[in-house]
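Handing you a structure now.
Just so it is clear, A, B, C, D, E and F label the chains in written order, and each chain counts residues from 1 on its own.
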Amino acid sequence: MIHITRRERFNAAHRLFSDELTDEQNMEVFGKCSNPNWHGHNYELFVTVKGEIDSETGFLVNLKTLGNIIKSKVIVKLDHRNINLEVDFMDGKFASTENLAVGIWNELEKSVIEIGAELHCVKVVESENNYVEYYGS
Amino acid sequence: MIHITRRERFNAAHRLFSDELTDEQNMEVFGKCSNPNWHGHNYELFVTVKGEIDSETGFLVNLKTLGNIIKSKVIVKLDHRNINLEVDFMDGKFASTENLAVGIWNELEKSVIEIGAELHCVKVVESENNYVEYYGS
Amino acid sequence: MIHITRRERFNAAHRLFSDELTDEQNMEVFGKCSNPNWHGHNYELFVTVKGEIDSETGFLVNLKTLGNIIKSKVIVKLDHRNINLEVDFMDGKFASTENLAVGIWNELEKSVIEIGAELHCVKVVESENNYVEYYGS
Amino acid sequence: MIHITRRERFNAAHRLFSDELTDEQNMEVFGKCSNPNWHGHNYELFVTVKGEIDSETGFLVNLKTLGNIIKSKVIVKLDHRNINLEVDFMDGKFASTENLAVGIWNELEKSVIEIGAELHCVKVVESENNYVEYYGS
Amino acid sequence: MIHITRRERFNAAHRLFSDELTDEQNMEVFGKCSNPNWHGHNYELFVTVKGEIDSETGFLVNLKTLGNIIKSKVIVKLDHRNINLEVDFMDGKFASTENLAVGIWNELEKSVIEIGAELHCVKVVESENNYVEYYGS
Amino acid sequence: MIHITRRERFNAAHRLFSDELTDEQNMEVFGKCSNPNWHGHNYELFVTVKGEIDSETGFLVNLKTLGNIIKSKVIVKLDHRNINLEVDFMDGKFASTENLAVGIWNELEKSVIEIGAELHCVKVVESENNYVEYYGS
C-alpha cells in the first residue's frame, strides 16, 4: 500500500454568511469573511490516493491521469469562480473550507476508483495559516 | 544605507474588465480573470524602505511602527474587500496587480518619510507564479 | 468527521542540557544545542482539531476562536521567551521539541473540547529540517 | 508515543521506461518522463520515526544521529546519482517515486530500530506538485 | 515604470565537466556535479520584464502572453531534457546555472520587446540554496 | 556580469536593548524583543556576489568555495550562538538585523574578492515577515 499526492491550485471568491441572519448578525458570526462584496483566496488542493504499486509501470496511478481527473472534475468548476454562486456541488451549502473539502471528495471519489486507486484524503489550504483535511467519513 | 522589508498579507476579491468592452470582449482580453462574479487571491505585500541605521537603536525604522503604518494605510482597506468596489485608492482604475502596486505606493510614501526612511519598493505577489514590483517612478 | 489545522508562530530561546551532566558531557550529548548562552528558533505550531461540521455555520470550529485559544494558552507564554527559564508548562523538563509538543498538547486539550472539537495533533516545526508531531498518547 | 521527522535532500537523474516497450510505447505510457537522455529532480526526503521520549535526554532519538543514518544509508547513494543506473537498492526496478519510497524504507528500517525508534513514514517529494508516502506495508 | 515577474518551472538533467579534463580532474574541479551518469534538478525560472502600464488594460503585459512566450521559447526546450545533450542554445557551453541564465536571456529578449516590454532579469533557481540572476550585460 | 546567490542558515539567540535605558524604557522602545532572558530565530542568510563568468568552468565562482567561505567566516561564529554575547564582529553593537547584515558584509567582503568576485548584497531574513538587505554603502 502506497500513498501518492497531487497538488492542484485554484483562485476563487467566496463569502461566509447565512441568509437566515441579518448583515449585522453575519458580521458577528463570520466577521470580515461575511463581506457582501466578497473576498477571495489562492486555494491549494492536495489530493491523496492509495493502493498497490502496479508492477508493470512502477506507478500506483499515472499522475498525469490523476491530475487530469482533478482538473476536469474540480478545478474547472472552481478556478476563477465564485464559490457561493457558480459551483454546482456547493449549491445550498455554506462556502466554508470544510464544506469545500467534503464537496471535492464527493466529486473525485468515483473517478479515483475507476483508475484503480482509492481516495484517501482531500486537503484544502485556504491560507498559509489554515487548512482542512477530509478522509471520507 | 540599509534596506529593510516588511511583509503583510491580505485576501481580496477582484475582476479584470473594462466597462467599455462587452462581456465577450472582456473575456477575450482578460480571460477567466474577467468573470463578472469575481474571483480572489491571497495577496502578499512586501514593502521595502531604505535609509541610515539609527545609532541609538540599531534600527533603520522600528519594524512594528512600519507594520502598523502598512496595516492602517493599506491592509485595512484591502483585506477581505472587493478591490473593484470598495478600495478608495483604486477607484476608477483597473484592478490589476500593476495598479495595485502603484496605488499602495501612493498610500505609503508620505508616512514612510515621516518615520525617517524612504520608500524603496512595493512588491505585490498575486500568486506563486506572478508578482509586480514598483520603485516609485 | 473533518480535520482543521491552524498555524501560529513563536520565536524563542532555549538550550538542551542536563544539570546532572558537566558542560563537557552536555556538549557530547547535545552538541552545540547545549551552548550555555542559549540559541533560538522561529517555531511554527500547527494545531489540528477534529469533529463534525456544524450545520448552522459550515464550520467545525470558528478558526478565529481556535486561533485565540492557541494564542492565549500557548503563544503568549512562548513568544519571545526563554523556554528553559520562563515557560510554566516546561518547568523541570528538557526544552526539547518533543517535550514542547507534549506540553502544548496539555495546555490546549481542555479548551478545544470546550469549543466542541477534539484535539488531534500538535505539530512543532523547529527548522525546515526538523519537526515533531504528538497525537496525545 | 511521539513522531519526529527529519528532512534530507538529494538531486538525481532518472528516466521512467520499460525495456519491454519500444521508445514510442514508452512515450505513450510515461510521456516526457521517458526521455532516453534522462531528466532530474531536487528530491526532498522526509523520514518520520516514532517511539517514546527518553526521560534522560528529552529526545525520542538524537536528530543528528538520525540525520547521519539517513545520509549514510540513503543520501550518499542517491545524491548527484542516476537512479536507474547507479543505485543498488533500485536495481531492476522502475525508477518511480513510489518504488523509491519503498526502497528507502527498506534501507532505513533496521537502522532506525537500532537507535531505539520505529520507522513510521518515508515521504519522497519529487516536485512541488507530487509526493509519495510509504508506511511500510 | 513597473516590473512584473512570471515564474515557470522545468525539470532537467545535466552534468558539469570539461572535455579537456580527465574524469579525475573533472571530479576535482566540479565534484559530484561531474558524475558522467548525470544528475538533475527542479529548476525555477523567474523572468522579470519592465515598462509602462497600458492605460487601456491596466497591464504592463498580459501575463498569459508572457507565460506562453517563456514556455514556447524556453521551457519546451528544457523541460524533461538533458541540458548538455539536447538544448540548442546551450550547445558547446558548460551546463552551469550561470550559462543557463544567459542562454535563457538570449532566447527571450527579442520576444519580450515584441510585446511592448523590456527584459529586466532572468533568475534561475537551481536549489533552495543557489540561484543566479542575469540582467543582460 | 552575472549575480549568484548562496543561502546558508544559522540559529541564534539575541536581545534588543540599550544599556543606557532601564528595563522599562527598553520594553517601551524594543517591546518583547528586549526580554532579558533572550529569544531567538532561525536566520536565513543570502549572500549575492557578482562578476564575469569564467570561460574555463562556466562558473562565476565555485559555489562550494563560496559556501565554505560563508560557513568559516560567518556561520561558525553565529550558529547556535548568542549574538549579544558571543559574536566578535557584533561586539558593542545593537544585535539588530540591520547591524547583523552590515557585520556579515564586513566579514565576507575581502574573501569574496580573493575568489575573483565582488560582494553585491547581504540579505538577512529574521522571520517570514522581516528581512534586511545591505549593498555595502
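In this text, contacts are C-beta pairs under 8 Å (C-beta built on N, C-alpha and C of every residue); 3 or more make two chains touch, one makes a residue touch a chain.
What you see is a predicted model, and the numbers here were worked out from it, not measured in a lab.
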_Tell me the fewest steps from chain A to chain C, where a step is a jump to a chain it touches._
1
*asked:* Could you work out how far the Cα centre of chain A sits from that of chain D, in whole Å?
replied: 28
*Taking each chain's centre as its mean C-alpha position, how far apart are chain A and chain F in Å?*
41
*So, what's the distance in Å between the C-alpha centres of chain E and chain A?*
34
*Please set out, as single numbers or ranges, the residues of chain E touching at least two other chains.*
128
*Complete list of chain pairs which touch one another*: A-B, A-C, A-D, B-E, B-F, C-D, C-F, D-E, E-F
_So in the complex, the part of chain C that touches chain F is made up of which residues?_
9, 11-14, 32-33, 35, 37-42, 79-82, 85-86, 127-128
*asked:* Which residues of chain E touch chain F once you look at their complex with the stated criterion?
replied: 16, 18, 29-31, 93-99, 101-102, 128-135, 137
*Using the touch definition up top, name the residues of chain E that touch chain B in the complex.*
1-8, 48, 53, 56-60, 62-64, 67
